[in-house]
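Across the two complexes that follow, subunit A remains constant while its partner is subunit B and subsequently subunit C.
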Partner chain A sequence: MSRLDTAFYDLGRLDMLAEQDSIIHRLDPRVKVITTLLFIICVISFDKYEVSRLIPFFIFPALLIGIADLPFNYLLRKLILVSPFVLFVGIFNPFLDREVLLHIGSLQVTGGWLSLISILLRFSLTVGAGLLLIATTGFPAICMAIKKLGAPKIFAVLLLMLYRYLFVLIEESIRMIRAYTLRAFSRKKIRYPIFKQLLGTLLLRTLDRAQRIHMAMLSRAFTGDIKISRQFSFRTQEFIYLAGCAALFIFIRFIDISGILGKFIMETGL
Partner chain B sequence: MHMADALLSPGIGGVMWAATAATIIYSAHKVQRQLDNRKIPLMGVLGAFVFAAQMINFAIPGTGSSGHIGGGLLLAILLGPHAAFLTLSSVLTVQALFFADGGLLALGCNIFNLGFFPCFISYPFIYKNIVRDKPDPRRLIIGTILAATIGLQLGSLSVVLQTYFSGITALPLFSFLVMMQPIHLAIGLAEGIATAGVISFIWNARPEILDRAMNEQPLGQVPVRNIIIGLLVATVFTGGILAWYASEHPDGLEWSIEKVTGNSEIVSSSPDMHEKLELIQQKTSFLPDYTFKENKSESLNEKDPFGSYTGSTLSGLVGGLLVLASALLIGFVLKKRKQSARYSQN
Partner chain C sequence: MSHHIVEAKNLEFTYPDATHALLDISFRIRHGESVAIVGANGAGKSTLLLHLNGYLTPTSGHIRIGDFPLTQETLQEVRRTVGMVFQDPDDQLFMSTVYDDVAFGPLNLGLPIDEVQSRVTAALETVGVLGLKDRPPYRLSSGQKRRVAIATVLSMSPDILVMDEPTSGLDPQARRRLIEMLQTFKHSKIIATHDLDMVTELCERTIVMHEGSIMADGPTREIFQDEELLSKSHLEKPLTMQGCPVCNSHNNSS
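For the complex of A and B:
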């Protein structure tokens, strides 16, 4: 029960972060969506055994967290929460792929371990980039950005409405579960016959709510077309941000920074 | 069973994105043409309902685990396939952004796996065929459970294929299938039973809701679907055949050069330049030489003499689908342009 409440307020917190004010927050949302996609494509375009060359990419999330002043621990916790599926698929690699690809002293590293580490690095980078996008931009702004970038308008409107009522309906379902728990004594889980009634009632209430919302919209001159008014401007700083990020990603993608650095250290240090 | 960016190659991710974007644009076009503006708030609120509903779990007797609705099929039953696909896409977009389920590039895969199959396969071909025009409680329950289960099986099969062809994990196709399909059979059954419960509750309480949803579907949609399926089959077919052919003859152009000059390479005046270009091409292409990277390794080819053969056929299919998806996309964008121009004239 308390777990549900926490999950719910956790959702709100990510959105609260987008209310902050920083250079990154002030940028046009379109630029942030594009750079995030560019980043993800660069990260996942490596070979499956690549580990060392993925690491320099962490500079981008690090810079964002730094400049936009975001809570690192909170983002890390969200990251770990969603890792099970990736772990489930990747965990078998060390057992299946036993070809030794790397020798570190007497330690032999097999391809499976390399690819598992690579998967985990990719996961942290890509999911982290997504979380940072929402934490620096906010959901409504992202919806408008994807509309401006060519997504169908109805899709953007749908996302906005869904987001608006998400909190209302989640709160309603939490209330229902709480009411059930209070009346069910020690029974923890909901039995099927009661589940049907709870969910059916929630659905009926939702349908009625949709009707009320529609009537309210009609009385405010809704004609099937929703007007989104928000000023977008592509100024110098957007251009600099985009060009800078693109240059950074391409540089990291094609130049083996870790390798060059490692070589340099080995040669001078030893 | 959300697909994740970390397991995806850019090629597969891009193809799935293109296919999903085309389906979203197509569905948006369909929904907007219905001109029933009651549906817009209904879709938004039902999308939020899917989230809220997934918080309510029921106990599966004897197992200690619990199940909840998946949402795709329920939305398709209440809204019709196109509106349901759009709504589910928005649900998955919110999940990708807020809950970090999957990722932004994998969003294309996820919408396809969890939205396309329930809305465009199991709803029209299974649910509607079983329930027909006159729903009764038994048919509703059987149709819902079957449609949900088969929809999820297809979705999980699709996850397996996308992961396998991306080549990031070392899991062999067969063992991955053996792991994924039975688990998702159980999950799909739980989902189906949950959805059937809600549907039968609604049927008892307010049957007119389901009646209205059933009758709102105009029959004129079938030809379009047939055309798309026909196109898909044609693309897969030609992609497969041509790639097979391409693997026998290195390349159409190279092959003809060989015939003309008796040498497969153009004798270049600056070999350096050629090498550099080839290097760039190898670095930038995600389907180098139309075979998957794994098949290039010697050890694999020894074990499986048909390794490069099947790889080449597969990349042909993927390439063909990519072309089809982009063609569809261009078509719909042009169509939308024209339509909006027409609207603004009026």
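For the complex of A and C:
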């Protein structure tokens, strides 16, 4: 199976996870979007050299994975898949920032290394939270939630359409690449000139399809606004969840748990 | 009441690249009638269908749907009256779940939520896929997609169903079930297709198109008996009317 096929089934799996039933899954999507945002703000608000105080934040994804019964390995794989991009953002920090900030025994740790580790931790926390949001809510519900929360209409509609036709686009590309490989024989990689043509064909097909979709929308009385029938309700459990998460994040944000814990161990150790 | 529900008069259409797609098309389709539009590839069937809900505007001539002439002002009303099922269900199912997709039309018509809900349930029940209402469209089979596509239109309770190749890409049993389902519908039906066997079962009347104009318009049985007409318009007698070649050869040899 080609890598594109695998990606296709992988995406579908994230969607299937959102169909599970748990306390977290049943919550109003809006409350999950808000808590995720809050979480991300708390995580990125630390100083760039901060490492130890970020670690307690891992309790939130851990709790979600536990309560919502999600496959940890699968989510970890997704995270590792995008990590190279982030690694490149911070890879030069150890060479540029050589000021020694920390001594562990005889090992000297420079600011560059600390900021690189900090970037990686933040990445795991924020992107992980995003993945968990999708896995517990489902992409369409998130789009509808952000629309209800007051995001621009066009933004929500574009995201919805993007998600829906991503699958069609991948299927179409898989068919094209399959047709190519079947007649390319020994040639493994697609040569650049041919790749250009395939991409062009795909673009033209997409434009054609966009036109047909618009036609289908018009013939069902579309006037420029996608209305959504799903009703959301803010009940007691949503309030409890929101208050609980907010309290947890603020506690971790302002109280140095790692520091206190470290001091405690040192004192008892001594 | 037997008013003419779809009427085309001297319809002509030329694409911007100067292809004459429709030439002097005139017909009347009455309430409750089931009409097939057949013809070779590129005969103008799809172009004609796109005129029926006002997606394309005729270069000359005009169309009446029910009591309205088709104009910019009546467009919304006409689109509610004419339910259009497109050839590729992936174009028709653009929302992220089956339920949202079927609810799309009724919501646009501004119906209250309760009414939308009952209409969606009724439409999905009619086509027999109520159990799939929370599925995303990419996890449906072709037959299921086709059924949902029909439900998206039924939920707007149209008077006229217009379908482009409803049986293409279906396996024989899915095709059979679709035909049986369409037989139970009381709507006026206009079906463009190459599936002439389906036509003999569903449509009492057939319009044959060739190179943008109407070659023949009459009762399906008569038209499919006219072999000269059929071969001129790149068609052939439906298999059900040909007599069985296996039995015949068997009879001849014995």
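We adopt the following convention: the second predicted complex is superposed on the first by the 263 of 270 C-alpha atoms of A that agree within 3 Å, B and C clash if a C-alpha of one lies under 4 Å from a C-alpha of the other, contacts with A are read in each partner's own complex, and residues count from 1 in each chain.
We adopt the following convention: a residue touches a chain if its C-beta (ideal position, glycine included) is under 8 Å from a C-beta of that chain, and two chains touch if they have at least 3 such contacts.
These numbers were taken from a predicted model, which means no experiment stands behind them.
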Report for A:R209: first if it touches subunit B alone, second if subunit C alone, otherwise both or neither. both
In the superposed arrangement, does A:R191 touch subunit B (first), subunit C (second), both or neither? first
Once the structures are superposed on A, label A:T136 by its partner contacts, choosing first (subunit B), second (subunit C), both or neither. neither
Figure out whether A:S219 sits in contact with subunit B (first) or subunit C (second), or with both, or with neither. second
State whether A:M176 touches subunit B only (first), subunit C only (second), both chains, or neither. first
Considering only touches as defined above, state whether A:R164 meets subunit B (first), subunit C (second), both or neither. both
Subunit A: partner with more touched residues, subunit B or subunit C: B
Determine, under the contact definition given at the top, whether A:T36 touches first (subunit B), second (subunit C), both, or neither. first
If I apply the document's touch criterion, which positions on subunit A are contacted by subunit B in one structure and by subunit C in the other? 15, 139, 160-161, 163-165, 168, 209, 213, 217, 222-223, 226
For the complex, which residues does subunit A have touching subunit C? 12, 15, 19, 139-140, 143, 160-161, 163-165, 167-168, 171, 209, 212-213, 215-223, 226-231
Can you list the subunit C residues touching subunit A in their complex? 50, 53, 55, 76, 79-80, 82-84, 86, 88, 90-92, 94-97, 99-100, 103-105, 107-109, 113, 116-117, 134, 136-139, 152-153, 156
For the complex, which residues does subunit A have touching subunit B? 4, 11, 14-15, 36-37, 40-41, 43-45, 47-48, 78-79, 81-82, 85-86, 89-90, 92-93, 96-97, 111-112, 115, 118-120, 122-123, 126-127, 129-131, 133-134, 139, 142, 150-155, 157-166, 168-170, 172-174, 176-177, 189-192, 194-200, 202-204, 206-207, 209-211, 213-214, 217, 222-224, 226, 254
Subunit A contact footprint on subunit B (complex, rising order): 1-2, 4-10, 13, 24-25, 28-29, 31-32, 35, 37-38, 40-49, 51-53, 55-59, 61, 66, 69, 86-87, 89-91, 93-94, 96-101, 103-105, 163, 167-172, 176, 193-194, 197-198, 200-202, 205-206, 209, 283, 286, 293, 333, 336
